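The same chain A turns up in both complexes below, where it pairs with chain B and then with chain C.
Up next, the complex of A and B:
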């Protein structure tokens, strides 16, 4: 309960920052153009008939959902974390009576409501004006969707946070994060629907954590999954969250020891 | 003009010396650039898994477009981005005075003298991709095609420079400009595909308003002998108009600069 109160205070501060920089948030959202570029490519190809299970409308629905999911699950904290560790601000955070991760969770979630509100008209517009688009908008499906969103965010957050903690040892953490983004973008379903990969690769990606970082919530939102499939997916997804959490704990305890050892 | 070229040489040489201090960065930049190029090619290849052509271009042909995309991206990262970052810092801190009082053109000093030399690796990788693509389609460009191509590349450079100069000038009003420059990247991202992929008003926008088509699609098509020479002339005209307009806008915007002490 105590931690929750601390989180609330941190979140309030982070939220005020997000509001302060709302124009920057908007511009960052507009610059997220890669899914639209891929959509243009598929639309041009789908003029000659559907590609796999995707016709033109399916592509539009997929990439609009991808943009929504990316905005709600994206994590962009590593630059701050890396700087905090290397410049020594982490020392001050360690003095506070709670784990610094609370600060970064708050920071990562701060602009989410803003992004969601900005995207609502786009979602509504596409759902209403593009015939054949079938988003999962019933309350129960939306509840499942947001559980999957929370799971994807938790995976991406823990991965990026753990990656950032590597700054305790090395100086190339941002480079690793850039490369990780490349892998994520190609193989999570964010830029390319997983069903359009060659079957062997697709099945491999389904067995790995990748699908649960973007494709899974997109599949839910585009009404592609039945309830039982969703429940099974959520179970697997949150199991992965647990795995990444354990990895984070291991890296964190070792990193902090190492950090104080240097005397910073 | 000649004096400025000599100055530019001096600036770039000292930047190169500074970066040579961190030689391992060269290796990591190289690895990064190569991986990034494979990433771009991999992302595009998925289209060709389903169809033989994208917007009328085969995979081998699109490699030439990609080569230009990577090369121009290298120029932006090596020259334009470091200058914008430095310029906004000067404006935020009010230290642009140090540039304005120097006895050379301030636009020149403020917008192209900074350079991250290692980022230019992408230029060579891009050229490599172009040569590889031409080799795969078995086309040897004729002298006239090469001539037109060599007109379009400087035009392309002038076009990107002008777009950036326009965005940089906005820094005099909106002090935090980093986000605005991201907007140009947003449009530039569309250049990884030939402009024929896009439909209707988006294609018109990318040809005439934010002329990304003149950077990747048209030079690639020219090199393959697919375009009339008029495109090269149009590209040069577009570049000159944009350059003149952007330079004028810069001179207007700089009047709104207020230094730290005044």
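Up next, the complex of A and C:
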């Protein structure tokens, strides 16, 4: 309860900041064109007939869902975290009776409502005007979708946060994050639907955490999964969240020890 | 609680790696890093009583900030024991953190693009301060620091002095009993420095807070602290009253005279060492015990308009300690 109140205070300030930077948020959103570029490519390929299970409409639905999922699950806190650790501002957080992760969770979630509201017209427009697009819009499916969104965000957040904590030891954490983004974009279904990979690779990716970082909620939103598949997927996804949480805890306790040993 | 802060044989060593400048240097340090141990704090012990204000002096790099960071729990000591308000700082227990604060004049904790009040609200939640306590403390700090006009302005639009006042307020909202202040007046103009000093003295008086403060401005220290700790190269070289240090390091006083007619150095040399002189003015360095005698002789021997006897400036004494290694 206590942590929740601290989070609420942090979130309120982070939300005010997001409003303060609203124009920047919009520009960021517009600059996320990678899925659109991919869509344009697939559309011209699909002119000659469907690719795997994907016709032109499927591609449109998939990449619009990808934009939505990316906006709701994307995490961009590593620059702040890295700077806080290396310039010593982490000290101020360590002097307070709370875990600094609360601050970064608040920061990461602060602009999500704004992004969601901005994307609503796009979703509605595509759902309404593009024939054959079938988004999962029933309340129960939306509820499952948002659970999967929360899971994807939690995985991506914990990965990036843990990555950022490496700044306790090294000065190249942002380079690692850039490299990680490439791997993520390629294998999570963000840029290429996993069903279009060769079956062996696809099955391997399904067994790894990648699918649950983007593809899984996209699959739900494009009505590709039955409820039992979704429930099973959520279970696996949240198990991965737990794994990444344990890794974060290990790195955090060691990192703080390191910080206390050498200072900022 | 008698000793609020107790430090016993504290050492803090860092291992830092050396890098030669330039590309070749980078390459060399990539393959074979040379490490060196820096003894930032080397075997220091002291105690501070509850409610005391103590000045912590030393040149840059002497180990002041490191000591403050160890005391506030940010750094783990290499060896030695520390206790602050009954807690081992480095355990960083919530109860400990609620009782202390660390203000670093060179750093800011306030959110840059929001008004200071927003940062205060966050601290209120994090430190679990009840709404009524918060309002009471905020009112007190607003009155003492004259914050009213600045609280609702974006922090980035504040002047340095205004920002520093807000930083201090943010650091004191949870009404800590122990204050570690690292250069709290750095960069402030003389008036603002004076205001800060008055505020700290008042805070100490009202709440019986223990304050350990570093500053490069001697006036901060002489105005607030009767006791000082002097540290150099990680060693504590003095712990005691400022007055006693002055007597010990400078067993002399300055006798300043103004004469009615021009005088020459030759006339003064038998009274003491001539520190400076002008046509109608001179300052002599005279051993402490002899000052009154010398002054009387001067009055007899020369056409004196005015005599003043004073201690040398503390700045001068401190700088002598470090340049001439008087205490080491």
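Just so we're on the same page, the second predicted complex is superposed on the first by the 262 of 264 C-alpha atoms of A that agree within 3 Å, B and C clash if a C-alpha of one lies under 4 Å from a C-alpha of the other, contacts with A are read in each partner's own complex, and residues count from 1 in each chain.
We take it that a contact is a pair of C-beta atoms (placed from the backbone, for glycine too) under 8 Å apart; a residue touches a chain by one contact, two chains touch by 3 or more.
In this text, all values refer to a predicted model and were calculated from it rather than measured experimentally.
A.B. asks: Does chain B (first) or chain C (second) touch A:180, or do both, or does neither?
C.D. replies: neither
A.B. asks: Pick one for A:28: touches chain B only (first), chain C only (second), both, or neither.
C.D. replies: In the superposed model, A:28 contacts chain B only, not chain C.
A.B. asks: Quick check on the superposed pair: does A:238 touch chain B, chain C, both, or neither? Answer first, second, both or neither.
C.D. replies: Neither partner.
A.B. asks: Going by the contact rule set out at the top, does A:206 touch chain B (first), chain C (second), both, or neither?
C.D. replies: Touch status of A:206: no partner.
A.B. asks: Answer with first, second, both or neither: which of chain B and chain C does A:37 touch in the superposed model?
C.D. replies: A:37: touches chain B, not chain C.
A.B. asks: Classify the contacts of A:252 with the two partner chains as first (chain B alone), second (chain C alone), both, or neither.
C.D. replies: neither
A.B. asks: Check whether A:97 is in contact with chain B, with chain C, with both or with neither, and answer first, second, both or neither.
C.D. replies: The second partner, chain C, only.
A.B. asks: Would you check which partner chain A:51 touches, where first means chain B only, second means chain C only, and both and neither mean what they say?
C.D. replies: A:51 sits against chain B, while chain C stays out of touch.
A.B. asks: Regarding the shared-chain residue A:116, is it in contact with chain B (first), chain C (second), both, or neither?
C.D. replies: neither
A.B. asks: Enumerate the residues of chain A that count as touching chain B in its complex and touching chain C in the other.
C.D. replies: none
A.B. asks: Of all residues in chain B, which touch chain A in the complex?
C.D. replies: Contacts found on chain B: 28, 32, 35-36, 39, 42-44, 46-47, 49-51, 54-55, 176, 179-180, 182-183, 185-187, 189-190, 192-193, 196-199, 202.
A.B. asks: For chain A, which residues count as touching chain C in their complex?
C.D. replies: Per the stated touch rule, the residues are 2, 5-6, 8-10, 12-13, 16-17, 20-21, 88-89, 91-92, 94-98, 257, 259-263.
A.B. asks: If you look only at chain C, which of its residues touch chain A in the complex?
C.D. replies: 14-15, 66, 69, 72-76, 90, 92, 94, 97-98, 100-102, 104, 107, 109, 111, 113-114, 118-119, 121-128
A.B. asks: For a test of understanding, state which residues of chain A touch chain B in their complex under the given definition.
C.D. replies: Residue positions touching the partner: 23-24, 27-28, 30-31, 33-34, 37-38, 40-45, 48, 51-52, 172, 175, 178-179, 182, 186, 191-192, 196-198.
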